[in-house]
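We call the chains A, B, C and D, going by the order they appear; numbering starts again at 1 in every chain.
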Amino acid sequence: MASVIVSFELSGREVEVMVKPMTTLQAVLRTQLGHTAVKDGCRQGGCGSCTVLVDGEPMLSCLLPVQDIAGRRVTTVEGLTPAEGLHPIQKAFLEANGFQCGYCTPGMVLLAKALLDHNPEPGRDEIVDALAGNACRCTGYDPIIEAISKAAATAAAGAAR
Amino acid sequence: MTTESGAGLHTVGRSVERYDGVGFVTGRTQYAADLTFPRMLHLKVVRSPSHHARIRGVDLSEAQEVPGFVRALTHADVPHNVYTILGLIGVEPEEEFVLPVDRVRYKGEPIVAILAETEAAAYEAVAKVRLDLEELPAVFDMDEALAPGAPVVTHWGNNTFMYEGHECRRVRYGDVEAGFAAADAIVEGEYRTSPIEHAPLETTGCIAVPEANGRFTVHTNSQAIYFSLDNTSIILQLAANRLRFIGGTVGGGFGGKVDVIVEPLATLGAMLTGRPVRYVYSRSEEMQVSSTRSAEIIRIKDGVMADGTIVARKVTGMADCGAYSRQTPYAITKFAANATGPYRIPNAWVDAYCVYTNRTPTSAMRGFGVTMGHFAVEVQMDKIARLCGLDPWTVRFRNAHRNGDIKPHRKATADATLIETMQAAAELVGVELAPELRAMTSAPRDAVASAPRDAVAPAPRDAQEGDR
Amino acid sequence: MTVSHYYLPASVPEALGLLGAHGPELLVIAGGTVAMPLINEGISLPVRVMGLRRAGLDGIERTGDELRIGATATLTGLLALDAIPMLREAAARVAGWSVRNMATVGGNLFTPPPGGDVATALLALGARAVVTGPAGDREVPLAGFWTGFMTNDLASDELLTGIVVPLEPGRATCVKFGRKQANTPAVVTVAVHLAMDEDGETVRTARIALGAAGPHPVRMARAEAALAGTRLEPAAIAESAAAAAADCEPFTDAVASEWYRRRMVAVFVGRALTVLAQPASPASGRGA
Amino acid sequence: MNLHGTHRFRAPRERVFAAIRDPGTLMAVIPGCEAVAQVDPETYEGRITLRLPGAVGSYRTTVRLVDVVPPERSGLEGRVEGAMGSIAGRADFTLADADGGTAMDYRGSGTIDGPLARLDSRFAERLAESLIAQGLRALDLRLATEGSE
């Protein structure tokens, strides 16, 4: 079975990979491109730890053949993290202790990014709705919700200045 | 006994930024299965579709033809083919095979392991292994497992763990029947709980890497890393200094990653192929075959006085161990020691059974052995309160352990703080305690005038014959 | 993957050509939320697969009094839809945000119970499946689309290319009862569409569809008949709910037992109808 | 894995029983059936192809009639094997006269092996019972229309 060449934009730069047919975006990111912030919790679409942004919208990389997203813009937490310091959302998670074991954190951070791009000042219900597809087995979700509210608040304050 | 106030403390009481937090929010934290190695093989296990069966044959002929198949691991390849999870701390018997020889006892039990170049090839080969199994009757309910004529799960012939020749862990203190006779009322309850799967977001897994110097580095997300190293060393008959376990970063464990299940097979694969081997549970494997908390049935009978004082407590507890012991026999000992709850019980009787069924083996989970016991005891305390027309606080204060109280397993209570904790809790939730309760402390009973009236003089005879 | 070829046709003709060339052995996927878990788990081991994500079937357009939804329009696409609020309700309760960005409306018709909430809503809306084969298009009322548990009316050389939904005025709601508020399979899903008489108070014709209470989304004929000509009085609602509970074919799975599902059918058909019975009930009252 | 079900046929049980033994009829009524051959008076081999959501594939089937008491009842020992694994087992059916037609009752059990065994066994049961029901409906329709020619 011949491999295929697929190219797409990964966090701002063009990447080209050679894959067996129907290899998932998750497998490509984790085993070929070193983006292990994309986690591997279930491969059934049930945990959300493999969440990436495709053209800014959250998708589950474990259910996504990489050929399906040829030519599109993929964002992972590696791409969100600035060269120096942290993204405001990452800072907010740190301050609110929005994690315990950390395995769900990358997925939650990306969802927060996508949510705030759509709705800069989400209420609690909107945050909960956005996170409904991402599981966390440690925190009970409140610290994560608080982190996202804190990120929204600081972003709004920043915008107001 | 003063509780520390928050004053003058640097860290306690403050929210401190976690040093590992930056790794989590940037995704740079390295979890065991994030690693990839050149020439790495993937290990997938062929699991029993039956709950209880005799293995008549395993046909690998078709599986071997799958492109990418490297080799299979069978029971014959395992140097010491028995798990020694509790053997290290002297709890016998060792009865669970790494790879079973002739019988499977729970659905999903590993039968043979397949090593292949890619995960897809491993899955295809697993799908082409033909099993010849003879179905045997299976039992899933504890009461049925203990009934005469039940299918036998263990290889020593009855469906309970044997504690020094007895079918259950036993605690005897005082004379419960005398206590019941002297009591104003009897309160009975049966409490049932189900198995619980930890379902950590990161599934159990490891990668075993052969090193040039003949050692093996095993990247694992085990919660018990040296426990795993020791057990792997025994199973593979490999000196412990030939093994280097790297881990500590666990994507959620909750007690679900102490079973030493993946490291021995992965390291064996690395030994026999000279190549790195990745063995990571899929989500459905984590749900079906990783150990769970035991289901429990707890029956409590109490003799109580009108003032809520407990004069006798008889507890019969059963934990569903599943098909193999793992850590449940140890959990039952913990259960027996805590079955009567954090209360002074002058006459106690505890029988705690570790019952085997054809369910997935159970093991550690967050205070296993004790957690469910407390659920039962605390509901029982509420029943006593309702019966005696008392509020639940009063019943708990009057029976709470104080320093010097002799527990049923004959240890004197020391550093008791239940009374002070309840007083602080009442304050936090704005409950106004009665003066009697506010005045109580954990100081030894005879040192304080207002000790509750002893309805029945406790008769702590010397340890009874046959109890040792 | 043991997959030897993964095709991504750029048009329906190209897709039909691939189906013709490889026939029954070609697995067709769209959003991947049903097939990929089985492939990732090594349970489904396809050799040739065709993905429809790029076949140009994801449009949603309104033509006169009908809505034509492309088979690979995503569930998120339905959420932006004002034409039929009940469809929005159904789509909003499926899985989570990421899955709704991937899962397709057409794919929902193939999702085995207890999945298929949008399919249940479409059934209650009297939708038709557009099936395309070598000989062109044919339309199948959804009630006739399913032939059994996980089986359907498609021949091996045909594709589901769209769903046509009539825009019928009336009162409609879709109520999903799961073990959690979100991202959970259904214990039971109830979708109701009531076409009212001119007086706006009397039910002319009712469509009641149940999800997770049969081998596929099912219509409850007797329960529908119990409402015709009534003004949704409590007695009529009770009779309709009882008929639905009697006629449904629930099953036991990891989510709920047959016993529990049958009782919840009675409760949630009753609640859905009670919501629609409110006098000035908004076009899409929302149930529990 | 345990199966059971009932079905009413409009045709009398003699014709139902005969139809069940006729390869031509089996070919026409079994969903996805692509080949059926009678290798000996009691044994049939065939191939069915199923297009299920997320999994397509063809399955070799072998079925042997045992304890045959026409037109009252019979046993079937069979095996279905393919990419998703195998199901092997036995089923028994009875045919009783019922107001001009036939009432069939069937009961069977089997063991699942291979990938399919990793799914909830009730899933395979519901799928099998649904396929059987479709086959019996098609058989009833065929006998009813044949009868009226």
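Just so we're on the same page, a residue touches a chain if its C-beta (ideal position, glycine included) is under 8 Å from a C-beta of that chain, and two chains touch if they have at least 3 such contacts.
Quick caveat: nothing in here was measured; it's all calculated off a predicted structure.
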| item | value |
| --- | --- |
| Comparison of C-D and B-D (more C-beta pairs in contact) | C-D |
| Whole-Å gap between the CA centroids of chain B and chain D | 46 |
| Centroid spacing, where centroids are CA-atom means, of chain C and chain D in whole angstrom | 30 |
| Centre distance in Å when chain A and chain B are each reduced to the mean of their C-alpha atoms | 35 |
| Residues of chain D touching at least two other chains | 83-84, 115, 118 |
| Residue numbers of chain A (touch at least two other chains) | 20, 43-44, 46 |
| Chain C: positions in contact with at least two other chains | 1, 3, 37, 39-42, 45 |
| Chains that touch, pairwise | A-B, A-C, B-C, B-D, C-D |
| Parts of chain A lying in touch with chain B, wherever the complex brings them together | 20, 30-31, 35-44, 46-47, 49, 76-78, 81, 86, 90, 93-95, 97-99, 101-106, 109, 135-138 |
| Contact set on chain B toward chain D in their complex | 47, 49-50, 123, 126-127, 130-131, 133, 135, 284, 288 |
| Touch list for chain C against partner chain B, complex | 1-3, 40-42, 45 |
| Residue numbers on chain D that touch chain C, as the complex places them | 31-32, 49-58, 83-84, 115-116, 118-120, 122-123, 126-127, 129-131, 133-134 |
| In the complex with chain A, residue positions of chain B that touch it | 15, 17-18, 20-31, 33-34, 36, 118, 120, 198-203, 250-254, 280, 282-284 |
